[in-house]
Amino acid sequence: MLELRNVSKTYSVKQGMFSSPKPLKAVNDVSLKIGRGEVLGLVGESGCGKSTLAKILLGLEQPTEGQVLVDGKELGAQNRSELARRIQPIFQDPYSSLNPRKSIYDIISLPLRVHNVGDSASQEKAVREILDIVGLPARVMNTYPSQMSGGQRQRVAIARALIMKPEIVICDEPTSALDVSVQSQILNLLADLRREFGLTYLFISHNLAVVEHLANRVAVMYLGRIVEEASVEGLFDRSRHPYSDALLQSVLTPDPNKGVPDTHLGAAYPNPIAPPSGCHFHPRCAKAMPQCSQVAPQTVATEDGRVECHLFDSAQTSAA
Amino acid sequence: MTQTADPLLQDIIGPTPGQLLRKRIFGHQGLLIGGVVLALLVIVALFAPYIAPHDPYAQSLLARMEPPVFLGGTWEHPLGTDHLGRDYLSRLIYGARVSLMIGVVAALISGLIGTAMGVAAGYFGGRVDAVVTFLINVRLAMPVVLVALAVVAIFGGSLTVVILVLGLLLWDRFAVVMRSSTLQVRGREYVAAARAIGCSNTRIVMSEIMPNIVNNLIVVVTLEMAHAVLLEAALSFLGLGVQPPTPSWGLMVSEGKQMMLFEPWLVLIPGFVLFALVLAINLLGDGLRDVTAPENRN
Amino acid sequence: DKSEDVLNVAFTKELENVDSYFNSSREGVVLQRAVWDGLIYRDPITNEYKGNLATSWEWIDDLTLELKLREGVTFHNGEPFDADDVVYTVNFVAEEQNGVKTQRNVNWMKSAEKIDQYTVRINLKAPFPAAIEFLSGPVSMYPNEYYAEVGPSGMGLEPVGTGPYKVVSVDPGKHFVLEKYEGYHDSPKGQPEVGTVDIRTIPDVNTQMAELFNGSLDLIWQVPSDLAEKLEQMGKFTVANESTMRIGYLTLDAAGRTGEDNPFTDVRVRRAVAHAIDREALVSALLKGKSQVISTACFPSQFGCDQDVVSYEYDVEKAKALLAEAGYPDGFKTEFYAYRNRDYAEAISSFLNAVGIDTDFKMLQYSALRELRMKSGTPVSFQTWGSYSINDTSAITSQFFKLGSLDDARDEEVAGWLDTADSATDPEVRKENYSKALKKIADQAYWVPMFSYNTNYVFSQDVAYTPTADEVLRFTDMEWK
Amino acid sequence: MTDTPILSVRNLTLDIPVGGGTLHAVRGIDFDLNRGETLCIVGESGSGKSLTSLAIMGLLGKKISRKADQLSFDGIDLMKTSQRGMRKLRGLRMSMIFQEPMTSLNPAYTIGDQLTEALLLHKPVSKDQARARAVELLEKVGITAAESRLSQYPHQLSGGLRQRVMIAMALMCEPELIIADEPTTALDVTIQAQILRLLVDLQKELGMAMILITHDLGVVARVADKVAVMYAGELVETGPATAVFQSPAHPYTRGLLRCIPVPGKTERGAELGTIPGIVPSLVGDVTGCPFRTRCDHAVAACREPIPLREHASADHNFRCVHANGHAQNSEEVPA
Amino acid sequence: MLRFILKRAGLAILVALTVSLISFSLLFLSGDPATAIAGEHASDQDVEAIRRIYGFDRPMLVQYWDWLVSALRGDFGESYYFKLPVASLIMDRLSITMTLGVCGISFALLTAVPLGVAAAIKPNSLIDRLALFLSVAGQAMPSFWFGLILIVVFSIQLGWLPPSGTATPLHFVMPTIVLGYYAMPAIMRLTRAGMLEVLSSDYIRTARAKGAPEGLVMFKHALRNAIIPVVSLAAVQMGFMLGGSIVVESIFALHGAGYLAWESISRNDLPTVQALILVFSMFYIVFTFLADVLNAWLDPRMRAG
């Protein structure tokens, strides 16, 4: 139901006072599909373009190239409020995502008021209902964000996102600012809501354990490109791309019998303004081959997704 | 739960921001002092006709420069009389009107201009921002006193002209502060959330951004009020401000200056009330900044 | 500073240009009298004309004046003085293109011609009875070769004259140092006594006094009366007061230039204004010193300034009655303009307020007010006029009542009388016509003359000086005690 | 190595005066650390982990009051050591790595400057020697082209590199104790693993004692010899890592372990364990178990002082009214 | 770097042009300068003649263009009042204003920075309170009043300092204090705030964790970073101070550019006023430019990207 076709987003950034702006491809030719009721996990390092992608989906940023389709219709062409009813965000930072000057009631009911849904009585009723759903007592309606804990705020943010009964929720690292004890509450809530309302999630996280727990499909992003996409099982059981491997290895399970794994990744994260030639990942790749630094790899379909790596490129060609 | 009386549970839902603010306000000495002094001066200004013992314009050439009571004068003129025999206290009281009026109206005008420019620049960025930044630069590069003097010299020094000149000149700080505050708030996720909800720009600016920068605005308003009051006094002192017989404190200092060596109180008294007013406004502004600063908010 | 023979003097205003033809200020006159000489000299006490650079003069006809020049005079730069200098100076300043700042001081002259090395003739444009007065005042003689070379700005920076003092240094507007000119000719001005005169511009009178107190100034002048009074009480300084030719007056829009329905077109209103102002109080409380209440549109000592005119006494009731009679029982609102002496103006406007004339006080720069008056007139304005120290009624009354752009009365009859008086050579005819004009002006209350000004001179006990009534500091008259 | 612990803490208490009273941020914590050993302090945000480490380093602000029955480093009583004395220890014998690599380096000075500073301060070495040592260490922490890095400024390095620089900086004088306060929290997962590995390897190689502060149980399990679980200013459970992870005694520890999804163990999409409620405020008088407001097994006695209990072995302790942390058997413990 | 400088310079010129255009049109509105030039005793014909000679009857933009073209050659015309080239007049006066400005900003920096640092090191201490008091009082003190009080106390009562003039360095003491005191509060507050912020930053904790002595921490690690914003502020304040020296110069009778400006306004001496506005804004522009460069030098983050 949600589809990205060759979407790119280029920012122009200034680095020092003295340098002229340079283009930065935050999102580079990304194509993705999310089916109804699916949870697509999006993982990748900081700065690889996950949030930018989320913003494009939310209509907060216009892609420099490519299209975003919702139910086959192009996103820009649909009217703004229509879009807002269908796609809603949950952000990472529960402190900055709620306006500190507004009461919880104002925050949650804002979408209703903006889109003139119902009268004030029915709006209040809706707010009460949604508060109940996200597990907050109705009395918090008249309090302010500063009076709440991080977990409670995140629940408010979820309530605001859900009050318009959207179909798709974009969760941009919704738990990474929370303590583990609270994180599990929110994860449970998100899972319950999905079951109950049949929601579709794009779930962005850099915590692979969480992604594995919640998602059906996973897309791995590196420097603006999706380097691998697969079902959860597919990825976690037999990942293909070396970067996905490294990611998986870095997951530290609380197992006192194991030591710290060696990811075989190089030390330096590349500069996104001047990405490495060929395969962007090659400088850090343990399995880099000569052509990796020269030729950008092709996207190769796999049984439950695709991968972008010369390893499979050549496997494919040699097989053919 | 059976443990509702447990002390650990008590402030799980803390005081509202309003309560916190009130608490901080009443815990801030400077703010209270400034606020009380300013309130007193405002009352004095509002009720000048009922408080002033004499007509501030009534001259008596035979009773010129009578000293205040504490320097051997009479209670008829508690603070003495000026060089035309007008009651000094009454003129001071009416002078409060002039200073406050100039401070408030000039700050209002410049506040409107500066806030509009700053918020537009911060919110829309890009070309709007470039233009506003340029205008701010131009404005900052113009020497205020000099330009204000020139304008007053050209258009004559009526109260209206002085207010307008100051109002049209002092918007720079508003623009700068509002621009950076808006920039800061614009990047917050609740603004992104509001956009994702489908709010219009106007609504975002008015109900998501403004409430969060209005505290900075108030602080700048006080600062610019003080600035305007001081500038008016300086212009009047240089003879290019408010015109006589309007009792402006700067003008009074300027008039008393001639006799400063022999009757220093003529200068000291109006200078002191001017100092007190500006001090009160500044204390209030500083206090407001302290109690509303984001780092104190949570 | 007596010990070093340096007299430290303060000016209040910045002098724009020392060249006496290119400034119009009092300070300029002071320097002009010290650095240059005129052809003729008027004794400030006896008002008798004496020869200075000229030894004698004679009217050839109404338009031609012939002068014999003093021999053996040299300029400060060594250039000898002779007819060429006079001819060059007169021809230069009389030429409008050369932009002499105060045209009326020179524009009565058409040209000068050399008869021989020490004889010149000055040709007038029209008969001008005050010619001798002007030649003994603002018209000073410049060295032709030097002036031709450096022009007004050079002269302003390094002035050269024949006067009792030569200029040692000029820091424009700020600082002037004069030194006794040892070769000064035998002039009626007398020989200079004090060796060096050091003049600094100190705009603030308090600073002036502070310096006077600590001895770094020996003489200050134009001291406000309140301060002069206090300084006198201190007993440490000599305070001298002299009246000046400057008078203060209100000019009222009798001609209706600011609007036909202007209240001041009604003579009763104008008379009411005259009655409303307590001129005695102004003089005794504010101006003090040798100031006097005046009722004529000229300074009493001026030739032709008839004192026998209507005088309006201070009478609030009468003023109110007159206003009521004119149809303004509750008074009216009007703009009130002034450009100097803010305190006097304020006091006057306050008197007007007291009878119901509600004034909107406007203090403008001189030039701005003048322009306003020339363009559209003003309902009431407080003006002063110093006649440029010329002791003749033509220097004031004729300036303002001959239908010029500053004439608020526009009375053709008055203008006619003044025309006759100005151009007549017979003193009696002049007096008679001035008198007629002045009487009508007073009767119609076109102006409300108020007071004459005075100047306070304060100097240290070491200095001996008697100021004169023409508000000119004469360094040649100063001595150390 | 030896029997005397290099660091010994008894009843460390930290009080902070705040607007409405006193914040009892750390209350009576005890632990020992032997040479060459790694202690992990784990706990939720605000539980007092950083304060504890700063208290050991003597870097608390003047506002915060520090009390302890014992706080000794290699036999030196830190409670009695002057600021001067502390300065001699800091950087030389004990050093610290902070959480935020982005802000922990001074933006105005080069890497080389900052690296050599501690060495030059504490040891009589020449500038060149110091630089040589810096290069050596940079190489050791896996930074390529170390020589040229010395003249770079912090902003020219990425987060991972900066944290490596921080580690190198801490090691300049070969300290005996190194305290790392959440050294990897701000970093990406892949980098986190690298840095942790580096730290552990270096610690082993140099035989340092290390206190690693974190809120990530995964990190603790992989790195620690000893674990100290902190909750709201108290150590609720301490013990050898294996013991704590295999048989957690305190309800809080057990709760934490249930909260995290573990790939391969936790069923995908299944309900995760939770700890309801939020951390209590510690302003004012705090008595009893701070966890009682969130504990399923809370009883009235939880408001009274809580005894310290032993679990299985003498060095595995926990604080709970329930002798065995309550109903241990009825609760299903992962791991 | 070169690009940056060129761009910056271009902006500066554009700002200067706009300022000059604004001030020119403002002064053009002031009406006819001919009367002003003619002076108090001029007749109507005098005024008329002057108007023609000086070309005041031409359209404004033509006059502006003329002015601009000659201004670019350093020729600001001739003062109506002094009959001297404005450029030389201003150059002559500027030395005093510059001296005053440099003394003033030095005084401000020398008092404000140590005070601010001391206040930040010991917040809420006596010295902090003193600093706060000085800055709050300083912001509220009308400088004309402050100047007058100083004269009364130090020149009249005590007789220690000369009340006016520029003859000796002593003459500059009081003007320096008055002018510097005007800039001090802002600088002090910024120093204090900057120091406080820096002192609570992580890298200061790092420095302490290395065992660096307090002196080193304060002056090597903290001040260097805290001073960066102070540099820009000082430049801005310097620009403001020069523009604000009008009051001080008129009180202490310093014949500097500020006083010249005031007098020229009173005398309607347009070429001088016009040139002075431009000169003062150029100062501001140049100072802020220099501050940027200095900042770039102090702050490696701003050096080449």
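Couple of notes before you dig in:
For clarity, chains are labelled A, B, C, D and E in written order, and residue numbers in each chain start from 1.
The rule we apply is simple: a residue touches a chain if its C-beta (ideal position, glycine included) is under 8 Å from a C-beta of that chain, and two chains touch if they have at least 3 such contacts.
Keep in mind that what you see is a predicted model, and the values were worked out from it rather than measured.
Hopping across touching chains, the smallest step count from chain C to chain E is 1. Set side by side, D-E and B-E show the greater C-beta contact count at B-E. Put simply, the C-alpha centre of chain B and that of chain E have 23 angstrom between them. Chain A and chain E have Cα centroids separated by 53 Å.
If you average the CA atoms of chain A and of chain B, the two centres end up 48 Å from each other. Look at where the CA atoms of chain A average out and do the same for chain D: the two points lie 31 Å apart.
Annotation for chain A: residues touching 2 or more other chains are 149.
Counting partner chains per residue, chain D has residues 278 touching two or more of them. For chain E, residues touching at least two other chains, in rising order: 30-31, 148, 151, 156, 250, 266, 268, 301. Taken together, the chain E residues at the contact with chain B in this complex read 11, 14-16, 18-19, 22-23, 26-27, 29-31, 136-137, 139-145, 148-149, 151-152, 156, 236, 239-240, 242-244, 246-247, 250, 261-262, 265-266, 268, 273, 276-277, 280-281, 284-285. Those residues of chain D that touch chain E in the shared complex are 57, 59, 86-92, 95-96, 98, 100, 103-110, 114, 117-118, 121-122, 153, 155, 166, 169. Interface of chain E with chain C (complex): residues 30-33, 35-36, 38-47, 49-50, 53, 79, 81-84, 89, 92, 148, 151, 155-156, 159, 162-165, 250-253, 255, 259, 263, 266-268.
Across the complex, chain A is touched by residues 44-45, 142-144, 158-161, 164, 188-194, 196-197, 200, 215-224, 241-242, 244-246, 255-266, 268-269, 271-276, 278-279, 335 of chain D. Residues of chain A touching chain B in their complex: 55, 58-60, 80-81, 83-85, 87-89, 91-93, 96-102, 107, 110-111, 114-115, 140, 143-144, 146-149, 157, 160, 164.
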